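The letters A, B, C and D name the chains in turn, as written, and every chain counts its residues from 1.
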C-alpha cells in the first residue's frame, strides 16, 4: 500500500510520437546493409531511435532489420525517403522494405465467440492506451458481448455462423472488413476459417490457440491435456494459414497445473495465459515488431 | 483454432456444492489430531473430500489442518458437528477450529481508486463464476469507475478521502461495511488505512502492493525499482496490519523487465502481475485456503 | 554478498529421521478411509507428520493418500502395523497400500550416454545430501564419464550397445541390476529400451525426454522445435512404458527462446531444464511422492 | 527418449570465430551515431554480424551500442580501425568506445568458499564449451574443493581468510591476480571485499547474492526470507562496489516456495537459482553484453 498517489501511467505512453516511423528491411544478407540504411536515413536528417537486426547466417543468409526513426515533418518527407530507399536498398542491395508512419495506428477487427476473456482484455488494454491500434469493429457469432463491446465505444456486428456451410457468414465478414482493417484478431473465435477467406481478406490474421503448439492441435486441447496428464498448460498466438494451427508462431507461454486440476480448472488457468499471450502478440504486431519468414517469425520484442 | 465448440466452463465450477463445508483446525501439534478430526466427521456420516495439513514441528510445534467434507443435510447437521468438535478438538486436544458452510459465499467489499485493472479483473472473474464470493459493494475515493461497476450489477459508493484527516471517510466506510461484509479487498486503493479502522472493521483486509515485498516498501515502488535497476518487478498480496506493507504475505509473483523499460513500462508490466496475484489471493481466502499464523500464512492452494 | 558465514545446509536435511515411514494407500474412494488410516496409525502410537490425499471423484472415484508418520522403534513395529493395515484397509475397505521405512534409501541405477549434464547434476545433488537415494551404479554405453563417476565413489559399468540388436547389452544390464536396485533413471541415455527389458527389470524406470511432451515425440526434438519456430523449449520426466515417450508424466518445465537461438542454442538452454526437471522427478520418486494411476501421476510435491 | 544419437552440441558453439570483434560505443545521444559506426566499419570491409543499441532519451540522453562485426585478418586491421574510430566517434561525436577481438577469451579468477554449487556449475559449463573465458585460477578460503577444481585442469589456490583483518589475505589475492585476469567472479565467496581491494585489483568483480535484491541485503538472506514469509526466493548477480550488495545488477531470478519449506529448503531451492543467474551474468560479461552506466546496467542479452 502506498501513501501517496503515484503519477498515473501516461495514457499516450504507447502512442508513438507523431514524428516517428518504422522501417522493416529484409532480404539476402551482405556486407554494408546496416550502413546503407543508416546513411539513407541520416541523409534525410532522421534520428534512429531504435534498431534491431538479425541474420540467420552472416554469409549470405536471410537478413532482417527493424529501425524506428524520428523526423520532424515526417509525412512531408516520406516520399523522398522512399525514393532513396528504392534506389539504395532495392536497387543496389536487392532488398525489400516496408515504411510506416507510426502515428497512424493499424486498424484491427476482433472476432470473438462466447468466451469473453481475450476480447475484454484487448478492449481494456486499448482503453488504457496500451495497444496502439484502432479497434474498427468486433464481429461475433454470438450476440452475448454486444452491450459490453459497445460500452467501449466500439461497433459490434453479430454474424451468425451455424452449420457446415460458412460461406454466407464469410461473405458478410468480407463485406464488413474490406478496406476497413489492417489486420484481424481471432480472440477465441471458435470457427474454422476457410483458405478462401484468408486469401480474400488480404490482411494478416492472428489467432490464439489454447495449447502450447504443436501439442494438442485441433479441438478440445484442455481435455486432451487432462487426458495426457501434462504438468503445464499453455497458449499460442500464431498467424493463420490454410493449415490449421500450423501457421507461424508469434508468442507462447505456459502455466503450471497439477493432477488435482480438472479439465475445467485447466481451462480457467489457461484462460489467463491465453489473454496474456494474445495481448503481447497483438501489441508486437501493431508496432511492426513481428516479421514473417516462411513458417517462422522474427520478433524484435 | 479449434474446429468445434468446447463445452463451456461450468459457471458453477467454483461454487461449492450445497453439501460441502470447510473445517480449519489449528493449535499445538500432538499425536492423534488427524484421527480425531476424521473420527468426528466420520461419526456424523461426513465424507472427507480433501484434507491438507501442516505442522512446523511434529514434536509440539504449531499444527494446521484444512478439511473439506461433504454431507447431505449439512445445515441441519452443523450444530451437532460443532458440539462434537467442541468436545473432542477443543476439550480433549486444546485446539481451535472454524467450521463454515461452503455453499454460503463470503461477502466482500472492494476498495479502489483511479486505477481499474485490479478492480475490473476481480469483477470479470466473479461474473465468469470463478470467484466464489458475493461482491457486496465497491467503494472508491474517485467516481470514475462508478458506471462500469454498476454495469456488473454491483453497488458503487463514492467516498472522497482528501487531506490528511481520513477520519470522516473512515467513519463513512465503517457505516457501509459494518455487518455487511466478511472481508475487504484493497484493489490498488491508494490511501493509508488507520489502525483504528482495521480494528473497528473487524474483518480481514487483503491489500495488493505493487512490489515484491520486502523490496520497495511504501510509495512509488516502480520508480524505486527503475532507480535500483532491478531485472524483475513484482507484486505482493498481503493481509493489512498496522505496520504498513508488513502484514502476512498471501501470494507474490514477478515479471521480467529490461534496462529499456521506463518506469511507465514497469508500471504497465507490473499491473498484469498485480491483478493475477490479487485474484489468486482473493480466491484462496474465499475458499478458506489461507490460515494466518502470526506474520506468516499457511496457504493450502 | 554476506558478511558472515551462514550455517551450512545440514547434509542430512533430506535423509528422513530413522523413525519415519511412508504409507501410500489407493483404491476406490468411500467414506471413512482417512479416519481408518489415522485410527490404525494412532492405534500403534504413530504420529502423522504429513498427509496428502486426492480423490478424482468423492463419490466412488479413485482415492490416493500419502501419509508420513513417525514412530520410535519403527522397524520393530512394522509387522504389527502391516497386520492392522491388512485387516482394516485391505479387508474392510478393499484398498491396496505400500508401507516403507524412510530411513532405508531407495537404490538407483543411472543410465547415461555421452551427455553428462543430467548425470553430473544428480551426482552433485546426491553428494550434497539433497537426494535421499543410494546410487548403486552408473551404466553407460560410452566410457567417457567413467573417471568422473568413480570420483564420486560410485561404480561405473561400460556396456557398449551398438547395432540394432540390443539383446546382449540388455542381458548384461539385467545381470547388473537384478536384485540391486529399486528404480532406474535414464539420464539422457540415448538408446531404445525394449518392452522385454522393462518387464524383466521389474522396477520403475524414469526417463528425461528433451521436449515438452507430447510435442516433439521421438528423436531430435530440438531440431524439430527449431523447425517449428516455437518460443519455448522444455523437458519432460516420465515413467518408461512400452510406448515410446508416452508413459505417465512426472514433471515438466520450459524455458524461453527466440528466433535468434540456433538448434545448438536450444539444446544448451534445454539442457538446464532437463537436469532441473529430472532431479525433481528423482527426488519425488525417492520420497514416495509420485503415485502412478494408469497413464497419469498423482504428485504430492 | 530418442531413438538415435543427436549431433552433439558443437564444443565451439560459443567460441567466437577468429575473425570477430565486439565494439561498445557510449556517450551522449545525437543524430547519426549508428550511421557513423556503420560507415567506419564498412569502410574497413567489416561485416556487421549483430547490432544492439539503446538510448535512454533520443534527444540528448545517454546512448549505448554493441556491435559485433566480422573481418578477415582482423588482428592486422585493428589498429587502422581504432584510428578511424578515434577520428570519427571520439573526435566528431565525443563518444567513448571499447574494441575487443572476440577470439581472445577474457581471463577470469573464481573466488569460492565451502559451497560448491556455483563454482562447479561454472567449471562444468566452461568444460562443455559454453563459457567463452579462460579460467585462470580458483581462489578459496577453504581447501575442500581443491581436488575437484584441479580435476578440471584449473589451478587452485587456498588463501585462508580468518579474523577481522583481511589485509594479509587480500595482499595475497592481489599478488595472484595482478596482470593475470580480466575479471573476478565471487561464486558464493562468503567474505567482505574491501574498497581498497576493489580499487587495487582494477578489474570488474561479479558477485552472486543469494536474495532478490534489494530485499534481504546482507548476511543470512534465506533465514530472513523464511522469517518474512515470502512466497518466492531469488538470487542477484551484480558488480561489486564499495557499498555492500548495492552495485549495478546484471541479472536476477526467483523460484516459488511455500510455507512448508524450511530455511534449509529455501537454501536448497535458491542454490539452483544462484547458479543459473551467476552463469548467465558471467556469460554476458564474457561476451561484452553488459555495459555499466552508473548504478545501472544495459544488458544486450
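By our rule, a residue touches a chain if its C-beta (ideal position, glycine included) is under 8 Å from a C-beta of that chain, and two chains touch if they have at least 3 such contacts.
Predicted model only: the values in this text are computed from it and were never measured.
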Check the residue numbers that subunit B and subunit D use where they touch, and answer same if over half are used by both copies, otherwise different. same
Compare the CA centroid of subunit D with every other chain's and tell me the farthest one. B
Whole-Å gap separating subunit C and subunit D, where each centre is the average of the chain's CA atoms: 35
So, what's the distance in Å between the C-alpha centres of subunit C and subunit A? 42
Overlap residues in subunit C, where contacts from two or more other chains coincide: 54
Footprint of subunit C on subunit A - complex, ascending: 54, 212-216, 228-232, 234, 248-254, 258-260, 295-299
Give every residue of subunit A touching subunit D within the complex, in rising order. 30-35, 38-39, 41-42, 45-55, 58, 70
Subunit B partner contacts - residues on subunit A that touch it in the complex: 1-6, 8-10, 13, 113-117, 120, 124, 128, 130, 148, 151, 186, 189-190, 192-193, 207, 209-210, 218-223, 240, 244-245, 262, 264-265, 267-268, 272, 276
